[in-house]
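Structures for review follow.
Common to both upcoming complexes is chain A, partnered first by chain B, then by chain C.
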Partner chain A sequence: MPVTVELPKEKWNGKVREITLGATPAQGGTRTSTVTVGGETTLPFLHFEGSIPHRPALAVEMQDVPPQDWSTTLLEAWDTAASDPVSWAKKAVELGADALAVKLRGTHPERQNRSAAEAAETVKAILGAVGVPLIVYGPEVAEKDNEVLVAVAEAAAGERLALGNCEDKNYRTIVAGALAHGHLVVAKTPIDVNLAKQLNILISDMGLPLDRVLMDPTTGALGYGIEYTYSVMERLRLAALMGDSMTQQPMICTVGEESWRQKESKVKDGVPSLWGDFAGRGPLWEMATAMALLQSGADILVLRHPKTIKTMRETIDKLMSS
Partner chain B sequence: MALSGLDIYKLLPKTNCKECGFPTCLAFAMKLSQKGAELSACPYVSDEAKAALEAASSPPIRLITIGTGENKIVVGNEVVLFRHEKTFYHEPGLVVRVADSWEPEKIAEVVSQVDGYVVERVGMKLTLNGIAVENVSGDAARFVQAVQLVKQKTALPLVLMSANAAAMDAALQIVGPDKPLVYAATPENWQAYADLAKKYACPLAITDSGDLSRLGSLAEAVIKAGVADLVLDPGTRNLADSLASLTQLRRLALKKNLRLLGFPILAFAGGDDSTLEEQSILATELIAKYAGIVVLGRFDPTGIYPLLTFRQNIYTDPQKPIQVSPGMYKFGEPGEQSPLLITTNFSLTYFTVAGEVEGSGVPSWLVIADSEGMSVLTAWAAGKFDAEKIAKSVKSAGMDDKLGHRKLVIPGYVATLSGEVEEELPGWQILVGPREAVDIPSYLKTVWKAA
Partner chain C sequence: MQEEKTVTKEARPGNSKAIVIFKPFGTVANVEVGTLLLDAAQLAGVEVNSPCGAQGRCGRCKVLVEYGEVARRSNPKLSSADESQGYALACQTVIKGDVVLVVPTKEEIQRRPAIETAAEKIALPFVCDWRREPAIQKLYLEIPPPSLADNTNDLDRLKRELAKRLGIKDLVVSLPMLRGLSRTLREADWRVTVVLDMRNWLPGGSIPPRLIGLLPDDETSTNLGLAVDIGTTSVVVYLVDFITGKVVDTASAYNAQVSCGEDVISRIIYSQRRDGLNHLQRLVIKTINDLITELAGHNHIHADDINEVSVAGNTTMTHVFLGLDPKYIREEPYIPTMTVPPRVSAGDLGLAINPNASVYCMPAVGSYVGGDITSGVLSSGLFQTDRLTLFIDVGTNGEMVLGTKDWLITCACSAGPAFEGGGVRHGMRAAAGAIEDIWISPQNYEPTYRVINNISPAGICGSGLIDLLAEMFVTGVIDKAGKIRRELPTPRVRMGDHGPEYIVAWAAETASGNNIVITEADINNLIRAKAAVYAGLSVLCNSVGAKLADVEQILIGGAFGQYINVEKAIQIGLLPDLPWEKFHYLGNTSALGAYTALLCKDMRAAVVDIARKMTYLELSADNSFMNEYTSALFMPHTNLEASLR
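The block that comes next holds the complex of A and B.
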């Protein structure tokens, strides 16, 4: 007797918000391409059940100053491009970046302590050199973040940058800057569903429309807490699909930064030989972290290694072709 | 799906004869539903009722064992779609494929490497779980030779892959008692493969090309033929189709209670021609999304380590976080003048702190206190990370002898404890570190240096 199996489909009534980064000249910016993420009405890549109008985007992480603490695997891959933000930006776009995640590390008080004005100049130079949208991060020191990001917001008015990070202790000034100059923000909370919702509420209470808020649930790398991030993202995405408005922000994951921070990616000698080849290990660590979080709902992956960028692009091609 | 007491009552004779030791059939039914009685206590229960009750008490995804002894692979019995709903119970077996068309030296080499692969993480030994031997040659004698060779080299469970029933029979004559997984029954050959699985009492994989109705029909035929232990290969091979079919199979078993397809799933993470990156990506998907056995087309230690780590992460019980063993941990090559920090043994706390200390490049000592797996703030609130515990942890780590200084950095969240810790550790200077781990590198490079 032939068996007929009816394929189970969930009926979701919620939808992830669609968010566009970057603005073209017609939209008040200068970008030649923009990135739209979100809009899903089902779980990641379940095309048989709902619509996934936009592919997850790849943002490539770069810095305004040559990195001091990056793994040699990364430094060798970027080589001289990393010595200057404009050449780095161009190279990243050549390698397939949909967007750039610019970290203004040089403004850190313990690094070069560059001024907000200098940082704004750097961002302007990158905007002049490439056409993709930018996500811009301050030095991740509360007061300096405010100073730097407000200057950047003003200098790049109308570009629809994403400004990060907004955290519960430090979001007002950045949100105000985004509101005043037509930008988006990245709302970052420490691996917790309720804290994520709460910050979205606080930000939207300031009048920033929710289609200008990306949510960063905090990334734990493979082997370093990825299961917490994975499950919090699944819970956020399930809540979004069930109609909980304050969880419907697209999610951005800082995969590169977290996976390249770990011993596996950084330490070449004195580790077990079964860890395998050092040059290959870091990129695979980053790829596995990226793949895991794509499956739990990542809409933007922030990556570091050129090989990861290529592999994740091909991976997303395959996941979207159905 | 467990039956309620009332559901069970409907299946009982309802004569209240008391022979089961309970005053009424209903009382007996209630006790049964709480698993406080055995159905066999009622002599009058019908065969039909027995079957219904057994089916209802068996798990929605059958538990399947491949291999024997301490290395055996046990998969199935999963109860949720998302790990936060409860936990994922049985880690998927990761098996590496070898082909009988290879030179014997190559087979021996790969099998020995797979057999010897072990890495340690958070106190657990992570290993691969088996070898799949594929009859690529199509030749029975060659298949038997390869299987014999593999058996000599490893005690790990086997998956036998052949489309030739005679070759399969010949191989099973040698390794049948080791309970390999027989791969695979298809709509064309299922009768012969079901017979082999019964003859050698081995679990049987069934496969069809991506259509779950056809897979269901095949399962029904094989089950009727008397094979109980099945493994399903839905036949999907790429990222998008595998995700869809494995998700559907898990939903059918758990949400639709479809017994016919309530078995663990076998999936292939790439063949000979896949790159290491492609294999890693597909295997990562399969580990997270519902595979019970993942067959890897190639063995490369660099690719294996992230997969074993990911499997450990995803199969960690969310309600029972992994605890790190309390004690002293070194980062870089710390010396007498290197900083000494302390935190708790909640694994995420440890990993976050360890990652930052490691990343700072400052050689350091880190003492992990036994906070019963709680984070700093929770442990402090629960009295599991107080001045006494901190002092005791530092003393029992033997830090007195290792250091030329007497300075201890405590987490910023327990700044209020610094006075008490100074009392508990006479002669020590207690420094208050940052609240968030992310600020540790700059703390070590500036505040610590100046202290």
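The block that comes next holds the complex of A and C.
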């Protein structure tokens, strides 16, 4: 005899904030498409329980200068496109990027040490070449970040860029730049619920509306601390759904950067044969990491390999349709 | 003319010896080559400060080698300039030959004018109102002398008289007491005052009272006891009159052990040195004896008339006071020798009072919740209340107890020395010259401050630091994470040699002629200290399923507690955000508990019962503590919603 089992449903009071990256001409920018994330009233993909109004977005990571330390698997995949930021941006959009994560590595004092003005020019050129929203990262050196990101903020006023990373030690200048020129910020904290919340409070205290703050809880790749990231993201999301206002920011995960860091994705020769095909190993590592973090509440995945972009797009399609 | 003291030490054949002269005292020590300067000083009876317990970490034992050869272990606390001038760290330097040392004269330590020194203000805690019954009783006896017809021996004769007067069947008499018995009785012509310790004697019970004194004539008009609080930093004594039940006088001084380490951990480390434990014990006994001498002089009494002592101290202090090795208190799993100390005779400890007097130490709960806290639970009345009560003793260790008359749970968190001025660049103890109150103008960020004894400021003490942190927070000099806002339009905020800083007092205003500042690193240390306390409170409440808001009253004890400004402490999130009327200052709860136990013999049994009843929560084994701690590393704390509710 068939038995009807009613699935238990959790009733949450809280909702993740809806955040839009990019601004169309009507909104004061020049983007042809924008990306809205957040708005969930339930845990990831539990469509029967609450609403998930926006699909997780895919941002493709690229650099202003050709990367020096990337795996050959990645360099081969991007080939000549990676030699120039504009061509890289166009190729990424062709491959299905919802947004671009532009890393201004060339401004690093120990790399090319490019000036803030040059960096701003690069961002302007990318904005001119593609229509998707941008997430812009400085060289991740506090002093230079401040300089570069403020120049970028000014040059791209009104575009609703996401500027990163704001950390507890240097959030003030970047937040001030975002406030002045109509941008968003990425608030990054080291895998801790309280620290994530504290930084959101500090940023909010400066007067930046919370619908302009993304949080990056710091990603640990598969085999390299993913369980910590998973657990912290899950706790942040549970707190958000339980109504804790300062944890209701959509989460961005730098999956590509983290999962391409380690030996498994970088070293071809002299590794155990059990590790299998080198060309496939890196993308699989990235996919597995992305897949897990999607289930812990990631709203934006920052990816590196074209194959990962394709697979994650298909995966999200399925997860959103069920 | 300086007094010359010479201390010699047995030389083993073949070992060369050296003469060490300590200036300006002129003391001379004769030691083996290879002896540590600090050991030589100890041998010669010269006090050299060693706040870190001779670990070479604090650099405060600096001495000048005026003549002779020494071997220094290199140490970051000694700059090459210091070294070229001849300075050496006494705990890191050994003697190679005859040397002449100059020991810096100890900084004058002045006590903050103590608020509760007026003895008449010390009230007997309410818990004792219904049963004031000291254990020490004096009785004047006129004993019929022996004769050929009545040839009972002296002791039985005394017992016979006591049986007649008090119904006492037996008496415990120690051999030393017995030795003087016959002579005293006869010299006093059989008119004597007996001093009886009835502590263990229950009416109708089987444990007999103890004879602790036999005095010629009627001496029943005075009968004194002593309540002692042995703090890690200071020692407080109350002279108690058993006849009136009142505190006759009080005195306090720095615990002389401070020169061997400022916190319990440093003391334990010091105790492991050769003769270290004995030295520490001698120092605390000397501190107490000096206070007894002071009280005896002021009040025209004989110290010999002090017939009982009640001592409250943390577990380490109690161990050292009794000469017990505190080593294992510091090592996981943190086990003390005992929690209920036995009765000890004053003479055995070297206390300069009636040598037969009993000395009782308050029982502990564990290694980090000691007799000072059980004493506080006793004197605060926490163990008798129906209302959910939180008792906090804030110091280097923050100890807290939550409960009612039916249950008690306790924990200890290591707040670090920040609230006592340690680990803060211009922090200092609450002594003359310490800034103790600060206000900052929200318009121009200019501070106004008050200094103890109204002299030029030399530093900032714990209460001043809490004030400063709160003022900087509410005026926006720092953000909620404790970062200084460098963009503020005031010259007081600037980038200093040690990172961003706020200038509290300009060089021209200060005693040293240097700016008094607070740096971001200092602020971090303070936030960590307050976070440890707050996290401890949160975990303690969570562990019994209560919310901080459920707490009906908060009792603040401990020597430092009375100086905490509740408003400011709430602003920075040191104390939970509850209505002010829930907070009560109790003063020195540790000394008050010792006093209570001294006066009411039943209270000694009660406090042992309290100690047994208290559940000890080990925070290092509690996995929610780290989470609560990180949450509290923010001002007032991260859980904003909870605080608004």
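By our rule, the second predicted complex is superposed on the first by the 319 of 322 C-alpha atoms of A that agree within 3 Å, B and C clash if a C-alpha of one lies under 4 Å from a C-alpha of the other, contacts with A are read in each partner's own complex, and residues count from 1 in each chain.
Definition applied: a contact is a pair of C-beta atoms (placed from the backbone, for glycine too) under 8 Å apart; a residue touches a chain by one contact, two chains touch by 3 or more.
Keep in mind the model is a prediction, meaning the values are calculated, not measured.
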Superposition on chain A - do chain B and chain C clash or fit: fit
Touched partner set for A:Ala178, first chain B, second chain C, both or neither: neither
Touching partner for A:Ser321 - first (chain B), second (chain C), both, neither: first
Partner chain in contact with A:Leu163 - chain B first, chain C second, else both or neither: neither
Larger contact residue set on chain A - chain B or chain C: B
First, second, both or neither for A:Leu195, with chain B first and chain C second: second
Which superposed partner A:Asp205 touches (first chain B, second chain C, both, neither): second
Chain B versus chain C as contact partner of A:Val102, first or second or both or neither: neither
Chain B versus chain C as contact partner of A:Ser245, first or second or both or neither: second
Which of chain B and chain C A:Leu74 touches, first, second, both or neither: neither
Degrees between the directions from chain A toward chain B and toward chain C, using C-alpha centres, nearest 10: 70
Closest Cα approach, chain C to chain B, once both complexes are overlaid on chain A (Å): 6
Chain A residues within the chain B interface of the complex: 1-8, 43, 45-48, 69, 110, 140, 220-228, 230-231, 234-235, 238, 261-264, 266-267, 272-277, 280-281, 283-285, 287-288, 291-292, 295-296, 307, 311, 315, 318-322
In the complex, chain C residues that touch chain A: 479-481, 483, 485, 487, 627, 630-631, 633-634, 638, 640-641
Residues on chain A engaged by chain C in the complex (per definition of touch): 168-169, 172, 192-195, 197-198, 201-202, 205, 243-246
Residues of chain B defined as touching chain A within the complex: 82-84, 117-121, 212-217, 219-220, 238-241, 243-244, 247-248, 251-252, 255-256, 258, 260-261, 276-278, 280-281, 284-285, 288-289, 300-307, 309-310, 313-314, 316, 318, 347-348, 351-352, 355-356, 358-359, 361, 438, 441-442, 445-446
